[in-house]
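Two complexes, one shared chain (chain A), two partners (chain B, chain C).
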Partner chain A sequence: MDRIDTHPTHKYGEFDLRCGKPLPFGASIVPGGVNFSVYSQYAIACELVLFNKHEAKPFATIPFFDQFRIGNVFTMVVFDIDYENIEYGFRMYGPFDTKQGHWFDNTKILTDPYAKAIGGRDIWGETPDWTVEYQHRARIVFDDFDWEDDSPLETPPENLVIYEMHVRGFTRHPSSNVKHPGTFAGIREKIAYLKELGVNCIELMPIHEFDEFENSRISPITGERLLNYWGYSNVGFFAPKAGYAATGKYGMQVDELKALVKELHRNGIEIILDVVFNHTAEGNENGPYISYRGIDNKTYYMLTAEGYYYNFSGCGNTLNCNNPIVRNMILDSLRYWVTDYHIDGFRFDLASILGRAQDGSPMHNPPLLETLAFDPILGKCKLVAEAWDAGGLYQVGSFPNWGRWAEWNGKFRDDLRKFIKGDPGMVGAMAQRIQGSPDLYQWQKRGAFASVNFITAHDGFTLMDLVSYNGKHNEANGEGNSDGANDNHSWNCGWEGSTQDININQLRLKQIKNALTILLVSRGTPMLLSGDEMGKTQRGNNNAYCQDNEISWLDWSLLNSNAELFTFCQRMIAFRRAHSALRSNIYHQDKDYLSHDYPSLSWHSTGAWNADWSYQSRWLAFMVLQQRPQSGTPRNTFVYVAMNMHWEAHDFELPGLPEGVFWNVFANTDMQPPDDIVQPSQEIIIENQTQFLVGPRSVVVLIGK
Partner chain B sequence: MESKFSVTYQEGIASCELCGRLDATNAPAFQEELKKLIGQDVSRLVFYAKDLEYMSSAGLRTIIFAKQKIGAASSVYLIGAQEAVQNVIKMSGLDTFMILQDTYEE
Partner chain C sequence: MEIRTETRDGITIVEIIGNIDSNTAPQAQGTIMPLIDPNCLLVLDMEQCHYVSSAGLRVLLMIAKLLATKGGQCALANVSDEVKDVMEITGFASFFKTYDTVSTAVEAFQK
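Take a look at the complex of A and B:
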């Protein structure tokens, strides 16, 4: 029997209509039709504009009748429309008074803020037809994906090794040898590689729909148009980037991304999305109308008293995150990605903006961040903040967290970089970083896994460039090398850029191994930048946001030329995963509360039990005790790491071990392969059990067993 | 070529001949045909696709529907699909729950 509420009550032209349900917002398939619902506080009228897919002109415009507005929501059901083959938008009527914050313009067709798929940029890099008035075209999606038994993995953060990557850059280079380069399907083909490397979580740079054509700059080097390659510029918070799907041209990006998630999970790999809720692609006062500006500008954006856009993002506008409507939209978006895409966690770009009030001032208990921390649906998700913004708010160590949020630890990155290039006065800071930064996180009773440790990320130099360039080389970005960070703490090892000098190249490889070793023996969740495991270079470009070319694309042939780096990285990851003492979440030091006659963590230097904290000291060692799980099981093991960042070799006195336990070498970055690292558990016993000569700028990892 | 779909059922095996185009214009009717199989004991669903020129996402969805509604435990075969059709299925990752074969031996 048909339900009575599935029958039309009104007619407009050939269309059968009835008043819709205001929630959920967006377009929902209902019996017999589609329920459309859009919020606007200040609009006085709204029209639904319908297009056949890909067609420039609409085939229908249907007004929301007065009785179809409930509160501030326009909602109606349109019956008998071919929802697979249409695209829809809204036309809003209301005041244009920018001083009051209103930008209504009924000549514009606007994208639904809740669009689950967006057409118009179906194939990456295909020049759009700019004469089409509706560029980013909302579509209706099905949620019939067959997940079988899949669910998010909920890997404990202490067991995670994150790998940050760009969907397109990962397999776009011809050397990737995948069937569908630069796409979600391409990543699926490389899952075996990720498993071989040993990472168990990928973090994707933005995959929400964005417009790669929003830039108009031309490369001064090649004369080609520069695209927005990174995509930190949202067009829709619910739609996956069609151009990242091999099936985008068939409108099947939703299925393709879900298939990737499912296959990753089947292989024990989590997926974290880098989400950009701090601004949108609509830019400043001169930017385009895409959606929010024309739907309810005053709701969606932070505005000055004069009606201008605040620019805490550095991108022209600032999303009004702590407006209750926008806060709910963000929550709805995140819940949708968890529920419908089985996403395991989120990294929030410029997250400090999410803690600003509607007037831009930082808040003590930002309601949005608190809501996310306690949301039931996000309850098991990783929440990682980039704890700063472009407006000067820097909250590493103090991001409002409720014990739930982790942070990109920018201090780990900076201190490690300074330490490995031989800066004096860094050993004290390094001791903090290695322990999981208790100086930053202990005061709020947060554990070491509040810290996501990294040396490099998409923003800044790759690891190879960090040891190959003193300064950035961003000329290809067309901004006169004025863009990108200047405080890179990098050192080129004696020559700026690539060189044939064997000694310099060897030193660079060693410095990379030093950095990887310290990252992977430190407490806190390690994050690797995709490509660093094979020495990827961007030729000194530390801000490759617009470089959709070989500067950014991962060249897989590096796996052959830098095979020793891959092996080193792979074995270091395996070593970390084999030794839980390196992954402890509890801060403790020099205390033998486990009654093993040894502290669980102790500091050393060239002298055992005697760390040298002096300003000129560039040498530091530590030892962790891997306690036996239970009495009667194999005896305790010890991990000892000696770091000599001085340009001369130094003898390190080794801590004495209990009777029957001996020091064995796992890694020594001063050695040439294959002697630089062994397979975990294949460590080689050393002759001199009391002293170890650590080479210049070298790290040694020993295991006592 | 005329688009047409015939569904036959015999001893636990449902066979469907697909011809022409399977897209949003005719997928609902095909789905109605498939619905008749619900409740039958179907161990195998075999789609003969040699003469299928094009399958849109709506078409693919009817096959997803068949898998989900007719029997999650039954095996779904797509036989002799042309390369273009196979590509869409593989790129979107939907090949993981159906068996793509050139021929089908009963």
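Take a look at the complex of A and C:
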């Protein structure tokens, strides 16, 4: 039976219309037409502007009749429009009074904040036609992708190994040998590689639509225009970046990304999105009108009493995250990505902003963060905070969490970096980091998996650069090397940049292996930066946000030149998987002896059972006990890790083992390949069971079995 | 768009001439779906179809799904590289068997 509301009630020119439904916001395909709905508290009138795809001028402008406004929502159904081939925007009428926070301008055509696809930058790097007044053009999508039996994987965080990557950078380099370089489809072609490495979760740097052309700087090195390559600058919170899709030119980015997610899941790999809810691409008072500013500036942005934009993001504006409307938009966005894209989790860029009140002050109990922690649809997905912002709020260890939120553990990164370069006074801190940072998380009764451990991330040096440069080299960014972090805790091993010196290069490889080993034997969820497993360099650039070129692109030929790093990383990941004691979520307590009078975790040094916590100590060892029932009888495995970050070799006295159990070597970073690491379970028994000489700046992993 | 059908050895061959997009998708759906009988074997000859839009991909999938529920099978033949590529990237290819020619599709059904 036909529904009554499939028939129009009004007419405007050639268009048949009727009052729409306010929810859901955005454009929804309904029987016979499309339901448009947009919120604005302060607009007095609104028009729907329709374009044929790619055309500069609209073919129709349809006002929302007075009776099509419900509360603060303009909504109508437009019948019989070819929704696959149109683009739409809104024109808002309202006050322009910036002191009061109002920026209405009815000469601007505005993107729908709920647009599910956005045209205008369909092919990455294709120079836009700047004369077109509507640059970022809302589109209507089919939301009926056939997921078959797919669903988010819900991998327990203790079993996760995250791999942070840039969609374009991962396969853009010709050496990737994929059919569709730099795209979602390209990642799909590399799933076999990810499985071979052993990671089971990819974290994509921003994939919401953004404008790579918003950067206007010219590279002082090449003279070429620099782009916003990273994309921490949202144009829409619901639309995937068209330029990351091989089918973006056909407007099929939605299906392409969904097909990638489905295939990742089929291969046991989760997908986390890096989401940027702290600001938008509209910048400060001098920025462009894209959407929010013209739709309802006062709702969407945090404003000073004088009407200026607060800038806690360092990017010109701050999204008004704890305004109830914006809060709902963020929730709607996240729910959409989980429901429609089967996304497994989110990493929130500058997440501390999400805990600020509308006046910018940090809140004790931020309603947005609480909502996300308890939301039923987000109930099983990972929520990871970058627990700081550019306004000086630093909340590592104290991010409002309700037991749900994990954090990028910046202290793990910094302490590990200082320890491996041989700083004194670091062994105490390292013991905390290796245990999953109980000093940061235990007081709130959070487990080790509140901590996402990492050495490197997109922000900062790659791992190879961390051991190759003392200082950043960002001249190519065109900002006089003033951008990017200065506190890198890096050490170049004796020469700044690339060198032919064999000893320096060997030391660098060893330092990389040291870092990877400690990361992968530490409790908490480890995260690798894409390329670190093959020694990727950005030539000392620690802020390559604008480098859409060989500085950023992953050169897959490194897999040959640094094959030993890949093998090492792969085997360390496999080792972590094989030993659940390395992945415990429960913090060690001295009383938790399992059996044989051995503690589940114990600290050692050059002397067994006698950790040296002194300031000059650069040596630390620990042992974990893994109780493994086998054929009904408990059989224990011991993992012992000795870390000597001193520049001289030291003998480490090994803890004694029960009768019939012997120490075997799994990894020794002081050795040249193939003796640096073996396949898990192929460990080699050692002759001297009481002492092990750990080379200068080396890590040794033994297994007692 | 034009759709021609013929039956060869009990197998229905549907030739699609022209693009399948939101303008032609309803016609394609309206013409092809009624051809689907229980246990029907259907070959879609795509030689003269050079573009399939999102709406078009959905029509193809609906045909495959309806066939599956009726115990039939669907094959695509003569698919251009570009269309094949788009179907692969967007995940639609996994629902179809694809053959280089109508004859090989027919032979495959007959085995």
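One rule holds for everything that comes next: the second predicted complex is superposed on the first by the 693 of 705 C-alpha atoms of A that agree within 3 Å, B and C clash if a C-alpha of one lies under 4 Å from a C-alpha of the other, contacts with A are read in each partner's own complex, and residues count from 1 in each chain.
Everything that follows uses one rule, which is that a contact is a pair of C-beta atoms (placed from the backbone, for glycine too) under 8 Å apart; a residue touches a chain by one contact, two chains touch by 3 or more.
Predicted, not measured: the structure shown is a model, and the values here were computed from it.
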Clash or fit, chain B versus chain C on superposed chain A: clash
Which of chain B and chain C A:K241 touches, first, second, both or neither: neither
Chain B versus chain C as contact partner of A:R356, first or second or both or neither: neither
Which superposed partner A:H489 touches (first chain B, second chain C, both, neither): neither
Touching partner for A:K411 - first (chain B), second (chain C), both, neither: neither
First, second, both or neither for A:A185, with chain B first and chain C second: both
First, second, both or neither for A:H136, with chain B first and chain C second: neither
Which of chain B and chain C A:H208 touches, first, second, both or neither: neither
Residues of chain A contacting chain B in one complex and chain C in the other: 82, 84-85, 142, 144-146, 180, 185, 188, 246-247, 250-252, 255-256, 258-259, 262-263
For the chain C and chain A complex, residues of the former touching the latter: 21-23, 53-55, 57-58, 61, 85-86, 89-92, 95
Chain A-touching residues of chain B, taken from the complex the two chains share: 24, 56-58, 60-61, 64-65, 67-68, 88, 90-94, 96-97
Interfacial residue positions of chain A with respect to chain B in the complex: 82, 84-85, 142, 144-146, 148, 180, 183, 185, 188, 245-247, 250-252, 255-256, 258-260, 262-263
Residue ranges of chain A touching chain C (in the complex, touch as defined): 82-85, 141-142, 144-146, 179-180, 184-185, 188, 246-247, 250-252, 255-256, 258-259, 262-263
